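Lettered A, B, C and D in written order, each chain numbered from 1.
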Amino acid sequence: MTIRTTVWGENVHEKKSKIVAELYPKGMHNAIADFLNHAEEIEASSVTLQDPEHGLTADKLASTDVLIWWGHAAHGEVSDEIVERVADNVYGGMGLIVLHSGHFSKIFKKLMGAPCNLTWREAGERERLWVTSRQHPIARGLPDHFELEQEEMYGEPFGVPEPLETVFVSWFQGGEIFRSGLTYRRGAGSVFYFRPGHEAYPTYYDDNVQIVLTNAVRWAHNPAERTLNVHDAPNIVVEEALEPITARGPKLHEDGEEGYR
Amino acid sequence: MTIRTTVWGENVHEKKSKIVAELYPKGMHNAIADFLNHAEEIEASSVTLQDPEHGLTADKLASTDVLIWWGHAAHGEVSDEIVERVADNVYGGMGLIVLHSGHFSKIFKKLMGAPCNLTWREAGERERLWVTSRQHPIARGLPDHFELEQEEMYGEPFGVPEPLETVFVSWFQGGEIFRSGLTYRRGAGSVFYFRPGHEAYPTYYDDNVQIVLTNAVRWAHNPAERTLNVHDAPNIVVEEALEPITARGPKLHEDGEEGYR
Amino acid sequence: MTIRTTVWGENVHEKKSKIVAELYPKGMHNAIADFLNHAEEIEASSVTLQDPEHGLTADKLASTDVLIWWGHAAHGEVSDEIVERVADNVYGGMGLIVLHSGHFSKIFKKLMGAPCNLTWREAGERERLWVTSRQHPIARGLPDHFELEQEEMYGEPFGVPEPLETVFVSWFQGGEIFRSGLTYRRGAGSVFYFRPGHEAYPTYYDDNVQIVLTNAVRWAHNPAERTLNVHDAPNIVVEEALEPITARGPKLHEDGEEGYR
Amino acid sequence: MTIRTTVWGENVHEKKSKIVAELYPKGMHNAIADFLNHAEEIEASSVTLQDPEHGLTADKLASTDVLIWWGHAAHGEVSDEIVERVADNVYGGMGLIVLHSGHFSKIFKKLMGAPCNLTWREAGERERLWVTSRQHPIARGLPDHFELEQEEMYGEPFGVPEPLETVFVSWFQGGEIFRSGLTYRRGAGSVFYFRPGHEAYPTYYDDNVQIVLTNAVRWAHNPAERTLNVHDAPNIVVEEALEPITARGPKLHEDGEEGYR
């Protein structure tokens, strides 16, 4: 079984910043797709903000099992229509992995229903990620903790809903902590937020980060057929009730009509 | 301590439908506010869609501890700006109780980040609500189950995120079940969804329903001061780090600048 | 990858009750193991209460990826020592699926930390299971609801902790509902409770029930290596701290000593 | 409304260790009860391991709204019978706050159904607690973080079930993090685990710790009447079914009999 994975990259800093361009000469999205393609059963491709429809056409999403999202400088340039399209695919069963600064992306804020804010500092300080759910599928093969020698700090309170599970919590040299790996389900879609990944540092070349993301792709994959019409709210008429009933009392709706939205 | 409660009523069917007008001559919002005003410590008022700014001015929300929302026919007429304002107050600590057809209101869908869809049937059938979390603050004083002789059916799957707690599940005569009482937290705000309340039936005159809503107002009340600036994401500069650190490595941001959104 | 599944059967009613003996001539445990063996990648065997060590030797558990538990009349005859052994394997990563009357088994009560009580009625009434988490891995391939024409009723309140996810809720002909499919994690082990399965009815021959249990085995399988020493609480001495610190202040413990239990 | 709070103290180190005796001359339990008694509506008393029935007679528990538990050196000396009694009161609605080394107490392990293990180091290092659920009732009146200059370290992975809510996460000077404030519900009882409180340090004199515990007592208080018979599993006979049904099919049980346990 192949897990068709699409890495969405904003691809802005790679062009504007010499630091990022040198670190990720093919772009962060391709760096991520590259190591995923070394994993068994995963087949990863990448698209960017600059592609037509940001690379997220209806066809592309329909053939994407897991979407990975990295954005930062250009959240506002992502079209609302495409955000809705991505959300509908998540509700229908597409997995979604949101990375780092993607906490402020339109798609993540929409799915969370919350501000998704935090505190931050770019000082190249040490981050140490601790596993809080030992042997969670996303933590498989990891030690109880691992370090990233240079990362941007994100601090709590992190304005997200209580997750299904907290998989990682980060320690920062400057004194903060952050819930770094959080799982959610939205409709049939599994959602994972993973904190590390500042574009000025070589985070996506780190072995443990690559293990986390490879695990996360497998975890987020829902092999069931994609559910369509994810907003449907069908009227079940009396004659089709599973147990025989007779309509009674006052009535505002006609049988089989569409409800109000 | 007084819990300042605002009941928001759409107030459309009360005017268009003779059935509803006769059942709730002062409007559903006032019927709800009335029984709440009999509870100790609760002080309830009502506003409607037709009021300027839908009755939800910045001042009104600032002085509302718990907002109750009933809407059905006119979800689309609620202004997006006011939905944002309500959401920001929830994030800041205002309690929110969403009733029945409010599952498709803009504010509920926004806070859930999910389709919030379901199946439905208007046949005046019997609904029996079962307590699934015995002695939960919202179920206080209730028997293990209670009945509403005539209600609209809502059926699963209900397209909402997994709740913090499932407090009630409904049995329907026609063969469906529905998770009828669900709790969430969004920011500092507690959110409760309660299923019953079709406008063609006398649901809000039912003793047990009144107990649930009175309990829910108390449960949803956050006595802490309302948090403002709920979207802030402050940059913590190196000099103000809680543990002494030295900035190192490459840098994309200037100290103290606002991050990208 | 093979999922080594062990079905634990109490095997008491099969011997005492003609009804059960005729329905499950090879025992319920073998009926369950049989259909699981038709699923790809699953290799199921069965053991019973009457086997030495109830069939749950250290070796057997070490080579079991997912354990399925059906017990009813003889919960009290299961040895406490073996319950501890099973629990430790769950904490270490073994999946556990508890069926029907197993809600009162020692192992389920231990893992839940709660009374696990409910109401019940044996009247051969209709049960209809509704999916509340569409396309959940455990609900894969199922319609939104399915029926068991004759089942024992279990009613709420069900005295269990709030689950990670509610996957199924049952409707009963006599007027009750029940949260029929609940997921938990305990340590590295995934736990699923599934309600149907009264021994007087042919529940385990039902196609949809077989789909649920086959899905559940896959869902509960943790491919990571079994964690041993699941109760360890190591003392990290100052010299081995990840960040350099100096011990200071008063001290009750000697370096490297075992803590109190 | 008065919240009757009982502080259970092991009271062992206070007698054996000069350090602890000097720090808490009246015992830790009395130090905690003392500051709680300064809070409005809270009326706190203390009992110890050495009291008859450990001070936890049926009467004492029946008149306790919230029980606070501090134990460390003598977990094994607590009688199993009394642990059951405490658990039954929690299921019935008594709040329970477990402190620090109480993570390994019999009552906490029983209610969690999990090993509750962790890593630890006694080095008087700095702990900084971060609020992860802003304005949660238990965090009311606190800044986003506060420090304890000297504490024992507890590190992840913490072997507990996923909580309802994570309220605090701790940063430690030596490089670890820990989920320091976790909420659970067991039956009608609310349970809060709070990490700080090593007996060699003046933690319970800290203003912020006192705010947390005062808030936690209010949060854990369930004003509903205590549920008795928390293990009951009543047989609902056919004649008393809420919807008329006729018994059919084979039957193993007699009407009204007690089920198996």
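Assume contacts are C-beta pairs under 8 Å (C-beta built on N, C-alpha and C of every residue); 3 or more make two chains touch, one makes a residue touch a chain.
Fair warning: this is a prediction, and the values are worked out from it, not measured in the lab.
Comparing mean CA positions across the assembly, the chain most remote from chain D is A.
Between the chain pairs B-D and A-D, more C-beta pairs are in contact across A-D. Here the CA centre of chain A is 35 Å from the CA centre of chain D.
Chain geometry summary: the mean Cα position of chain B and that of chain D are 30 Å apart. With touch defined as above, residues shared between interfaces to two or more other chains in chain C number as follows: 128, 133-134, 155, 159, 162, 164-165, 173, 175-176, 185, 187, 242-243. By the touch criterion stated above, chain B contacts chain C in their complex at residues 128, 130-134, 144, 155-159, 162, 164-166, 169-172, 175-177, 179.
Taken together, the chain B residues at the contact with chain A in this complex read 13, 17, 19-20, 72-76, 91, 101, 104, 110-115, 117-125, 150, 153, 155, 159, 161-162, 164, 173-176, 184-187, 199-201, 230-238, 241-243, 245-253, 259-261. In the complex of the two chains, the chain C residues touching chain A come out as 93, 128, 133-137, 140-141, 145, 164-165, 173, 185, 187-188, 222-224, 227, 242-243.
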